Structures are given as C-alpha cells and as structure tokens.
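Should a chain be cited, it is by its letter among A, B, C, D, E and F, assigned in written order, with residues numbered from 1 in that chain.
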Amino acid sequence: MFQEIYYDDYRIGDTRTTLGRTITEADIVLHAGQTGDFFPHHMDAQWCKTQDFKQRIVHGTLTFSVGVGLTAVVVNPRGMSYGYDRLRFIKPVFIGDTLHTVVTISEKNDHKKRQNVGIVTEHLDVKNQNGDTVLVCDHLLIVDKKATSHG
Amino acid sequence: MFQEIYYDDYRIGDTRTTLGRTITEADIVLHAGQTGDFFPHHMDAQWCKTQDFKQRIVHGTLTFSVGVGLTAVVVNPRGMSYGYDRLRFIKPVFIGDTLHTVVTISEKNDHKKRQNVGIVTEHLDVKNQNGDTVLVCDHLLIVDKKATSHG
Amino acid sequence: MFQEIYYDDYRIGDTRTTLGRTITEADIVLHAGQTGDFFPHHMDAQWCKTQDFKQRIVHGTLTFSVGVGLTAVVVNPRGMSYGYDRLRFIKPVFIGDTLHTVVTISEKNDHKKRQNVGIVTEHLDVKNQNGDTVLVCDHLLIVDKKATSHG
Amino acid sequence: MFQEIYYDDYRIGDTRTTLGRTITEADIVLHAGQTGDFFPHHMDAQWCKTQDFKQRIVHGTLTFSVGVGLTAVVVNPRGMSYGYDRLRFIKPVFIGDTLHTVVTISEKNDHKKRQNVGIVTEHLDVKNQNGDTVLVCDHLLIVDKKATSHG
Amino acid sequence: MFQEIYYDDYRIGDTRTTLGRTITEADIVLHAGQTGDFFPHHMDAQWCKTQDFKQRIVHGTLTFSVGVGLTAVVVNPRGMSYGYDRLRFIKPVFIGDTLHTVVTISEKNDHKKRQNVGIVTEHLDVKNQNGDTVLVCDHLLIVDKKATSHG
Amino acid sequence: MFQEIYYDDYRIGDTRTTLGRTITEADIVLHAGQTGDFFPHHMDAQWCKTQDFKQRIVHGTLTFSVGVGLTAVVVNPRGMSYGYDRLRFIKPVFIGDTLHTVVTISEKNDHKKRQNVGIVTEHLDVKNQNGDTVLVCDHLLIVDKKATSHG
C-alpha cells in the first residue's frame, strides 16, 4: 500500500470516499481512557438525560481521530502531514452512528520557503449514516514536487 | 469539578499549565486500534530505522487528542467546543516523551449571529519534557454571555 | 490540580461528591482482561440468565477501582494512600448503571510511630443512579502535619 | 494450575467442556484494533444491514482466538502447541452470542523424527448458546512420552 | 472449573499459590483509562524522576485488582465475595515487577444473622519477584454450610 | 478499497507482501485480555527466565491473528473466508519482533457441491524482521466464478 504521489500528481477537485465505521460505546470508553477526558457529556448516561442531547455524545477528538484515520489507506512516502485548519464540529455524534469521510483535494499552494515542496489541502467531510456532515477540516500535506526531486 | 465560567469571565492573556503525561508504546497501539491508522511510521519499528526519525513516531491525532485531553479538567456548563484553527505539528513525538499543555486565552470575539454568546479562543501549546513545543492549535469555544443569560 | 492539604486542614464531616460514570459492557471486558477474572458472573450472559441476578454483574474490583478513581481529582503532595478498611459490596452493579462517589472525612488519628504525620480516613460511599449505595470503604491516608513540616 | 500430563496419559475420546464467554461489541472493536482488520463486515453496522447476515459478524480470528483461549486452563509443562489443522468457520458469530468449547482427544500419533515425543490431537468444537457449532479445528500438541523422559 | 466448596470444607491454615503476572506499562495505561486516575505518580515519568521513588508506580487499585484476579481460578457456586478488610499497600510496585498471590484460609466465623452460611476469611499476600510482600488484605466470603443446604 | 475479484482472476503463483507490524508488550497484554489465556509463557517474565526461550513469547493465536490481519487490505465482495489448513508455529515470536506476511496464491479447486464457486488457497508465510518464517498456514477462500455469476 505504498504509493508515491507527487505534488504535481494531485488534482484539485479529485475526491474519494472511505469505508464506513460504526462508533461504539467501547470506542468512547477507550478514547476517554486514552485522553483522560471523562467529562459527563461522554461518560455519564444519567446526567446526559438531563441535557439537550439526551444521550452520551462522542468526544470531538474521537470523531476527528476516526474521521482522519479512515483516510489513512495509502502510504505516500512523498507526503507528510503538516497540520489542520478550520476544524469544525457541525453535528453531535452519538453511540451507534456510522461515519465515513469524503476527501476532496481543495487547494494546492507553493511553500513559502522551500521550492521543492508544495502544500496540498485535503478537505475532509466526515458524514454520518444519514449523509449529514458531522465534522469538517482541511488537512495540510507537505508534498515533494516532481521536478525538484529529479534534479 | 463543574464551574460556571461566562464569556465575560475569560481574560485575554490568562494562562494555565496542565499535568504531564508520558506517551507510551501502549498508547500508540491503542490509538492505531482506535483509528485504524496502522501506517509504518507508528507501527513498524524495523522500517522506521530506515527513515530520518529512526524510530516510531506518535500519531498526530494522538498527540492532539492527549494534548487536548489534558486540558479537560473543569466542566464549564456555559461553554461548548466549537472547533480548532491552525493546528500544526511542530516536532515529532516519540515513545517515552512526556507532554503537557500550556493553555492561554488568546482571543475573544462576538458571535456573528447570536448576541447572547461569544467565541473564546484558547491557544494550546503542547510541549515535551525538554520544553519544546510539539503541537499548537487554537481551540474555539462558544460561551454564554452573562448579561444575556440573566435577561 | 496540585493542592497542598495538610493533616491539620482536614475537617471531620467535610464531604464532596464526584462526577458520575456509567459502567459499560466494555468496562467489564477490559477489567476481565486486566485482572484475568473471567468468571461467568461477569462474562457469560447465557449462564447469568439462570442465576438470581439474571444478568452479568460488574466485578467487585471494578466497582471499587472506579469508585476510588472518581475521587482522584486533586493531587495532594502532602498525602499518601495507605490502605482501605471495611470494604463491602452492598448491592450488585449491572451494565449501564451510573456510579458516583460521596467522600466524607470520617476520622483523624495520630500515627502510632511517627509524630509528623497523621492518618485521615475518607469514607467512600459509591452510589448508583437510584441513590442506592453499592459499595462502601474507608480510605486511609497518611498526611503530613503542618507544625512538623515547618520545623 | 500447573499439571504434568504425558503423551501416555491422554486417552482418545476423553472430552471436556470449557466455561462460556459472551462475545461483545467491545471484543470486536478490540480485535479490529489488534489485527488491523477493519473490514465493514465487522465495523460498519450500516453496510451490514445491506448484506445477507444483516448485522456485524465477529472476525474469524476472534472466534478462533477466544475458542482456543477458553481451553487454556491447565498449564502442561510436558506439552507444546504445534499447530492447527482443518480450521473451519461453520456458522457466523454475532455480537451477543455466548461461546464455549468442547475439547475431545481425537488422535495420538508418533512423531516422525523424535522418539521421545508424540503428537496429540485435540478436536475443538466451538459452540454458541443454541448448541450450534460455529467453528471447528484440530489442535496439534507435541507431548513428552513418559518412558523416554524417565530414561 | 466449577467446584462446590462448602463452609465446612474450608480448613484454617490451608494455603495455595497463584500463577505469576508481570505488570507492564500497558497495564498502567489501561488502568488509568479504566479508573480515570491519571495522577502523575502513574502517568508522568518525567515528574516521577523528581520524587523519592524515581519512577512511575503502579496504581494501588491495579495491584489490588490483579492480586485478587490471580486467585479467581475456581468458581465456587457455594460462595460469594462479601468484602475486604485491612487492605494495606506495603511496598510500591513498579513497571516490570512480577506479582503472585499466596492465599491462606485464616478465619472461619458464623454469620451473625443467617444460620445456613458462614464467613470464610482468605488472607491474600501479594508478593513481587523478590518474595517481598507488596499488598495484603483479608477477603471475606459468605459460604453455604453443608448441613443447612441439605436440610 | 472494495475490489471485485472473481475465482477466474486469481492466478496461481501470484504473490504480495503486506506492511510490517511490530509486536509490542501491549499487544500481548491485550491479547491475553481478549482470549483469557494468561499462561506464564506470555505473562510471567520471571518464570520465562527459567525456561529455554528466556523471555515472554507471543501467543500463537496473536501471531496468527496479526499475520492474517495484515492481509486484510482489499475487501473482495466475491470472496468469503472458509477456513485454514496446515497452520504451523515455526519459530517463537518475541516482544519487539516485526512481522509481515507474504501471500501466495497456491491452489485453485472446484467446489465439490456448488458449481458457481471455487476454492482459492492463499498460502500465508508470516516472517519476522530477519526474514525467518514464524508461522505458515493455508487460507481457504470460497470465491464466485465469473461465468456463473453472469448467468
């Protein structure tokens, strides 16, 4: 699953859809354990009944981690994750929701300081089983340019 | 650990430092399991020896999730996480590194559409045991305004 | 969340209530995995149907660990856990129950051999969502005395 | 739970039945995390509704691992697991099914090259709560012979 | 592994020794995740270097849960766990320590209110690889009496 | 990652190599927890020092589950796992070993009873970082035939 993809190879507008993944109660328990975030919104079903959303909601960092993880299928030795912009929680995610991510190449930009790489922006749209967007973000990748790497 | 903090109570420049947390090999294994990201950068110690960083590196989403999780100490019923901006991976995190997060109130802004809430920006600076910053991001919170909520 | 609390600062009768925590099926699975206790009371839903309690019950050591863990909010560098007395399982805990712990300072005693410390007893009352007590115990802490530590 | 059992002690036809174990959603989540097998058959409840089996099915390697694990009760220092033959998935296993294993000594054979050991075959029949077989396999053990080990 | 043992069958002074179990870094990570106890004593290797014990120590509730779990080998349908007395943390447990438990029947007492059962006390002595005791406690079991249960 | 591959498409001798995966101490801990197999070979570092292999060895079911899991990259809706033959543990696997699997199409056979499917055998050769084979098995897949499925 290694595949070399250069900056030059990315085309704005290209899109792919990941496999789906059901978020389980176990995922919340494990994520609380991993992050130390035991806020009652995620861990106290009783308290949640008294809130607007009436049930436990999935940690934002879990929705993000799974939404991004679903896209991690092809290892591109020419690219490197640089960061994320405009990460927004659009809708709450509940136990039992099934998520998938639609990835769209949304931008390509030169790197300000390094001529041999460029910055590719993948727009991630994480959707639930109803097709509703629950999270969006822009994933920034630093990717080698072809010309440069050949000399 | 519930504490009501209104938009009006946040003061730009206020800062707090979280407890520390050592990132273990077990954390990587669990995070790969949670996200499905089994990229060799995180899971294949042998392959990593052939790369620049020479050893397994921690998933970006794990550093982020733990860095944010460390800040989840006080439940503020007046605030809600809205999203993150300018999330950047500054330095790689390795197994055995100990992280803590410095939180600074960096911005306060009115909400464009809703008068009774404002947007508070917490700047998160996740540092390792040497004091080097490994990740930064701006956490956006929608917080109730006092005046409004009293009438 | 570090806070220095001396023996002299504890007042008998002082009480605090922790956040709540819903015990999930995942918690039982993880606890069985951690302890090696795969007794059918916890792991065999089919067999449990033939027993008085009709459903899987939570490990006693899990109820205890969570009940105690809920109290671990403030790190007191002046105190140290010494042990527990009169730990009793009052009612069974089932999957889906939400627990919280009421902590009461119930006793203060001099240490028999060391003048500069005392023993503080925290009475832990772990309750479910109906307010029924499911587990009680007395947590013994060895805590520095003020006078002594100043000279 | 150490018990020395020599090749000579095994009797063809001897049978034992293990404790039962309910397979939970958490078990699937953990097994996906352990193996990296996030196929939608196991992880995507939404997609499974469109398939013949209508719901998530348990990984074959999980059913096998648990079915075998249930038999790991007595440590026999005279025996060693050598491999498995004719492992077959007979029926799908679903979340909530309770498995147990019936172990039968089905064969004893001399080792082709080593006189002091023999090969004992344990036939494993993993059954669900309805008594239906879900998986079978033949577990091959290399076991010390008595005579040889005494001289 | 079901075995009926009546109150009358227990003999004071009888003793058994469990299998051993190495406590790993992963165990601490999982236990923190299960209990929500992320105190730096267990999770912050950097901070621990500044303390007397110089390294991360195992949660008391983990040592207890594993020490007890190691004894959970035979299911006795005639007995029921009732509680624990005099649980004491004798020595710190570190990552990599290997624990086992020595169980001794130390007391038998009539039940104050119910004639058909008695209380059996198992004294648990949890030891590390050097034979040093790290934790002790008295496990109280309510066990059916033979005479009574037959008429 | 869905890809339709018919029986007719498989070619004997075709081979592919998976990504690598380092087996960690955490993996053993989680696998013991999942299977209930807490044999000292895997869990008691102290006891292992007294044995031939001198250190903890990885559960056979874990090596198998990971070795197979590494091959689970492409979902083929035309195929279904049917079972495994000749599963053999060739060499012990230790904590820190890095495994990968070489998959070779080794056999194609008609199904005895159903004309529209055939049985494809994938030979799995699980190797460690030294290129030594640690486990082999034959994975049997029932796969739709092209002609039949079109009419």
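Couple of notes before you dig in:
By our rule, a contact is a pair of C-beta atoms (placed from the backbone, for glycine too) under 8 Å apart; a residue touches a chain by one contact, two chains touch by 3 or more.
All of these numbers come straight from a predicted model, not from anything done at the bench.
Of all residue numbers used at the contact between subunit B and subunit F, under half are used by both chains, marking a mostly different-residue interface. Counted by C-beta pairs in contact, the busier of C-E and B-C is C-E.
Centre to centre, using the average C-alpha position, subunit B and subunit D are separated by 44 Å. Taking each chain's centre as the mean of its C-alpha atoms, subunit A lies 15 Å from subunit B. Put simply, the C-alpha centre of subunit A and that of subunit C have 38 angstrom between them.
Within subunit F, contacts with two or more other chains are made by residues 19, 21, 24-27, 29-30, 33-34, 36, 38, 40, 75.
Taken as a contact graph, with one node per protein chain and an edge wherever two chains touch, the assembly is complete, since every chain touches every other chain.
Per the touch definition, subunit B reaches subunit A in the complex via residues 21, 27, 30-31, 33-40, 59-62, 64-66, 68-70, 72, 75, 81-89, 137. Residue ranges on subunit D touching subunit C, taken from their complex, read 19-22, 24-27, 29-30, 96, 98, 129.
Remark: subunit C residues 29-30, 32-34, 36, 38 touch subunit F in the complex. Taken in their complex, subunit F has these residues touching subunit E: 24-26, 29-30, 38, 40, 43-47, 56.
Those residues of subunit C that touch subunit B in the shared complex are 1, 19, 73, 75.
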